[in-house]
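Got a structure here, written out as structure tokens. Questions coming.
Letters are used for the chains, namely A, B, C and D, taken in the order the chains are written, and counting of residues starts over at 1 for each.
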Amino acid sequence: MTADHVRFALIGTGRIGQVHAANIAANPDATLAWVYDPIAEGAHAVAQRHGGVVASELETVFSSGDVDAVLISSPTPTHVDLIERAVDADIPALCEKPIDLDLARVDALRPKVEASAVPVALGFNRRFDAAFASARARVAAGEIGPLEQLSIISRDPAPPPASYVGVSGGIFRDMTIHDLDMARFFVPDIVDVFATGSALFDDGAREHGDFDTAQVVLRAASGTLVTITNSRHSAMGYDQRLEAFGGRGVLQVANAGTSLVSVSTADSVEAKPPYQDFFLERYAGAYAAELDEFIKLVRGAPSTSPTFADGRAALVLADAAQRSAIERVVVPVNLS
Amino acid sequence: MTADHVRFALIGTGRIGQVHAANIAANPDATLAWVYDPIAEGAHAVAQRHGGVVASELETVFSSGDVDAVLISSPTPTHVDLIERAVDADIPALCEKPIDLDLARVDALRPKVEASAVPVALGFNRRFDAAFASARARVAAGEIGPLEQLSIISRDPAPPPASYVGVSGGIFRDMTIHDLDMARFFVPDIVDVFATGSALFDDGAREHGDFDTAQVVLRAASGTLVTITNSRHSAMGYDQRLEAFGGRGVLQVANAGTSLVSVSTADSVEAKPPYQDFFLERYAGAYAAELDEFIKLVRGAPSTSPTFADGRAALVLADAAQRSAIERVVVPVNLS
Amino acid sequence: MTADHVRFALIGTGRIGQVHAANIAANPDATLAWVYDPIAEGAHAVAQRHGGVVASELETVFSSGDVDAVLISSPTPTHVDLIERAVDADIPALCEKPIDLDLARVDALRPKVEASAVPVALGFNRRFDAAFASARARVAAGEIGPLEQLSIISRDPAPPPASYVGVSGGIFRDMTIHDLDMARFFVPDIVDVFATGSALFDDGAREHGDFDTAQVVLRAASGTLVTITNSRHSAMGYDQRLEAFGGRGVLQVANAGTSLVSVSTADSVEAKPPYQDFFLERYAGAYAAELDEFIKLVRGAPSTSPTFADGRAALVLADAAQRSAIERVVVPVNLS
Amino acid sequence: MTADHVRFALIGTGRIGQVHAANIAANPDATLAWVYDPIAEGAHAVAQRHGGVVASELETVFSSGDVDAVLISSPTPTHVDLIERAVDADIPALCEKPIDLDLARVDALRPKVEASAVPVALGFNRRFDAAFASARARVAAGEIGPLEQLSIISRDPAPPPASYVGVSGGIFRDMTIHDLDMARFFVPDIVDVFATGSALFDDGAREHGDFDTAQVVLRAASGTLVTITNSRHSAMGYDQRLEAFGGRGVLQVANAGTSLVSVSTADSVEAKPPYQDFFLERYAGAYAAELDEFIKLVRGAPSTSPTFADGRAALVLADAAQRSAIERVVVPVNLS
């Protein structure tokens, strides 16, 4: 690590990888040193725009000697191997969620990560959204008294391609996993999971035995109840809301509007333009803040970056939700 | 006055008269004893619905001996005479605004009213609207610090018939007068008036040299500034807002919605149905509260009913606004 | 029945009985003919205020010969008997919910009610709330496309006395039952029920093995998912919201405010006074509309009054929720 | 001009100059080539952060031969001279408002600017705010019918230092000038001006015979009325609102919130954190968009950059407002 800059290697230059590349380039404490993608065009495009040397071999990244941190935004099935290589190479890693779709693979890696001092952070970007972070801090500060009910609404604008649905691991592991982590962000001690789903509009979901509409109820050891409401579509735009209900009040996180302008006519009043389209807009600030926090971790400063254990816990909850929805039972979980 | 009930005589059974009749009938402290209207059908319809004896002569009302209060909702040109008769007959009167369109007639009556102990109240119903009354009380309690700017927005849903415009006394005496009273409700010490108007859409206004769109700025001795924004039409429904800006904050009175339901689609989000149509809905509660307060006055209890002096002050301001708009000058006023 | 007025007998003059008495007295199509309550003081107070003869014996009400309809607002355990007597006496009945806490008793009465032509309506007043009714009509009209998810939030301001909790039948039969009926109002074909509850703050709930906090998920044959969020307290006032999510948009029913005034200061902006305290204010209009609709039913006109079958269905769902929450299983239901 | 980049010289590195420097550096079509400030430290700090060579003499900037555009963000009294030098040097200029506080100086420069083909743009940044621009475009598209009334509310968070007030030219030339330009953005054909002001809370204003609170009413040839409401303080944060009222509806621009989180408790509901503090946050996007548009102008593409004539017109209106407020008369203006 140079005195000033954390030198990043970026692995994976898809949609999210490009977001990370831009944030690294814009961050006064970071530099994009290396870029790797098996699709070389992607790596070259990113390097041209945001700096860094294109590695033709993945190995180069880990053995170059001038990498302070690796950012893993490659496809999910590669995450476990890449985290392992980062740990072996003694390079802190920020890995996109989920760690893997298969808990067995996660658990196989777990002892090594836990035994190592190398920091591994998971990309649960929503924790870094200013609104969710503020709501959680205010709950923690006791502003609304003991937290009794938490409601998370999360709806994507439109279903992914059917081909993606087939390899996604299902709605709970692919989409709900973000909300499950958000649930744990507010309520860590989940003890059981109920989930139910329907395939109401998306042929891809029907085709692959998946759901496009889901409802999850989590119960905490403390008795706090959490509800997650998911849909794979939303006519009005990306729907990302949260409501924390406590003994002395309620904190609500509203959707992000796209305009300060509203219109009133003979037909309707105070109508605003639709919400932001999707997560790249909605969580642009969160991705940047996530990087800031990870840089603290790399530098050995106190950091709230989500951990490997957080990544595992979200997957355990997603697996439980999947099983609950299929078998129609309540599934106990042990997150410790 | 009976032990329990204030016995009312209602004079004038038009649209507002019918509102007052219903409120008197529903008020546990009032009875509709007499009803008079030169158009006998109107009087009979009201008496049939809300009780009371129809007086065939106006004189009967004042000499019957069993009237505790008179409610004057007849046409404006009759108000001065009816107030005078009520005072002469020693019967408290609640008179619809304005006292008259001609300040000279008001001033001719003034000494008698001021010399008399008979209560005369003016029907500035908006003072009794829960929202405006609450905002004013909170300003008075110092919640927002010293009041520096007051903005009143008041737009009717649609222009009156051209025939009415011709006898209305003009927009300032007919429509703005309510807002001028509201201005004084918050800021009594007005010292000068600027007004400007346009005739943008209403042929009736154009035809009679009146305005359908107006803007008034009042200045108080204290330096507080008041703005009144008027229009004779409003596509979205009756527009009745107020904003009190003080050194420590702002109190805003929003429009009254007609539904708790909002809709969000791909076209727009959080759209609500149009506002209430007009004053009979918007101020239904205010008319009832106005009656309650007048009954206190009749009974000799402390009451905040607007006075004859309030009625005169509003007319002085309306006259000043009219002159300002025509002559394009700032008009000083003396309301004391 | 007189030509003009439906003559009502009111049985039960508690809090809700008094609301019904006032609405009957104020309804142009109804008269309060008889009032009965085993606590005679209650009956006399109501009769004095709203008219009607006090019946010293319940039998008088059913045999008087001048009763067109009976309104049953006595304690729950009396409902089954009173409905039966009304049916036997050929007098249409509007009965407060629930029919009974014991489904066996309801099912014992069911054949008689179904075999009879005497109308029996259930007091699910929220169906008549202008906002919920409008939202449902707009969903039915297809404004938001197929209904996919329905979220109902319902929180009382404060827990009932512990003594009441003990005889309430539990939160699902006592409180959630309204929301279960609202769920069926939008989504009739419920096929299974999941519920979970916690006792987080109310000693009464803890003492009686009940919950003060609950979450219910219903699944319809169509795949539509319904969530009900309940709490026995709410610092900000009565919390009554609904969100209908469809393929083309969302309809939201907001809480009813108590004022049009908001305040903005250095501490916070656009803050409004707390919501209405409880159901008597929030649903005042709904109770009156419920009566209007029942009068149609009495007169043989088309009516959307909730039926005995609706009352039974809500109880079946409440029983299923109770069992689900205790046994931690998903409970299939057959509402036909 | 290089093929890719417009090479900028920045003159003046105060608060706004730093904003422009950052935007130039971040703009893919621009480069910061030169930086000048008589206070050399400021110039060096900007150049170090955002690139560019520090010019020790102003002359260097105009004669270097490698400057495609000059951005003038030096103190107001220097603007006229710098614009003239830019025109003489054939270099397009974007100059902060106002052109000058003295209309005579502006008019002296006017013929040269009008005779020249060198583009001169004025920094009325609010025209580029997404919300105001959208509202204006929607008005222009006829969405609300003919524009009848325009209300602009503009309140700064806190008064400037008394020393600044003394050289500011007064509230109308210093602060209202932005709103006067916004008025012309929607309603170009202003024909007369009424203004009034008070000094209610700011000792600096009192000391220099200035106002801290002002109200302006503009009338257009078309009869459209415009109101501007100003205050030099606002407890709730920067208050920047606009309402365009037309024959078929209303478009409203709301204040920009600082958080999506609201809180409801027993004291108040739906309370949000205060608004943004001031213009640097509120108009961050507008400054960047202003630069984009000016770059189009520099490149000879169609551009909506405000012109020298716009700058002059705003000053004419500000002068008229100042005279109106002092002399208490309506002041006719000729903006052509």
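Here is the rule we go by: contacts are C-beta pairs under 8 Å (C-beta built on N, C-alpha and C of every residue); 3 or more make two chains touch, one makes a residue touch a chain.
All figures in this text were calculated on a predicted structure; none of them were measured in a lab.
Asker: Can you name the chain that lies farthest from chain D, using the mean of each chain's Cα atoms as its centre?
Answerer: When every chain centre is compared against chain D, the largest gap points to C.
Asker: Across the interfaces A-D and A-C, which one involves more C-beta pairs in contact?
Answerer: The comparison resolves to A-C.
Asker: Could you tell me the distance, in whole angstrom, between the mean C-alpha positions of chain A and chain C?
Answerer: 42
Asker: As a quick test, compute the distance in whole Å between the mean CA positions of chain A and chain D.
Answerer: Measuring from centre to centre gives 41 Å for this pair.
Asker: Using the touch rule from the top of the page, what residues of chain B touch 2 or more other chains?
Answerer: Residues 144, 235-236, 248-250, 255, 263-266, 270 of chain B touch two or more partner chains.
Asker: Under the stated contact criterion, what part of chain B meets chain C in this complex?
Answerer: Those residues of chain B that touch chain C are 130-131, 134-135, 138, 143-144, 248-256, 259-266, 270.
Asker: State the interface residues of chain D toward chain B in the complex, per the touch definition above.
Answerer: 144-146, 148-149, 151, 153, 155, 192, 194, 196-201, 213-215, 217, 219, 223-225, 227, 229, 231, 233-236, 239, 245, 247-250, 328-330
Asker: Quick check on the complex: what are the chain B residues that touch chain A?
Answerer: Interface residues on chain B, with respect to chain A: 235-237, 255, 257, 263-275.
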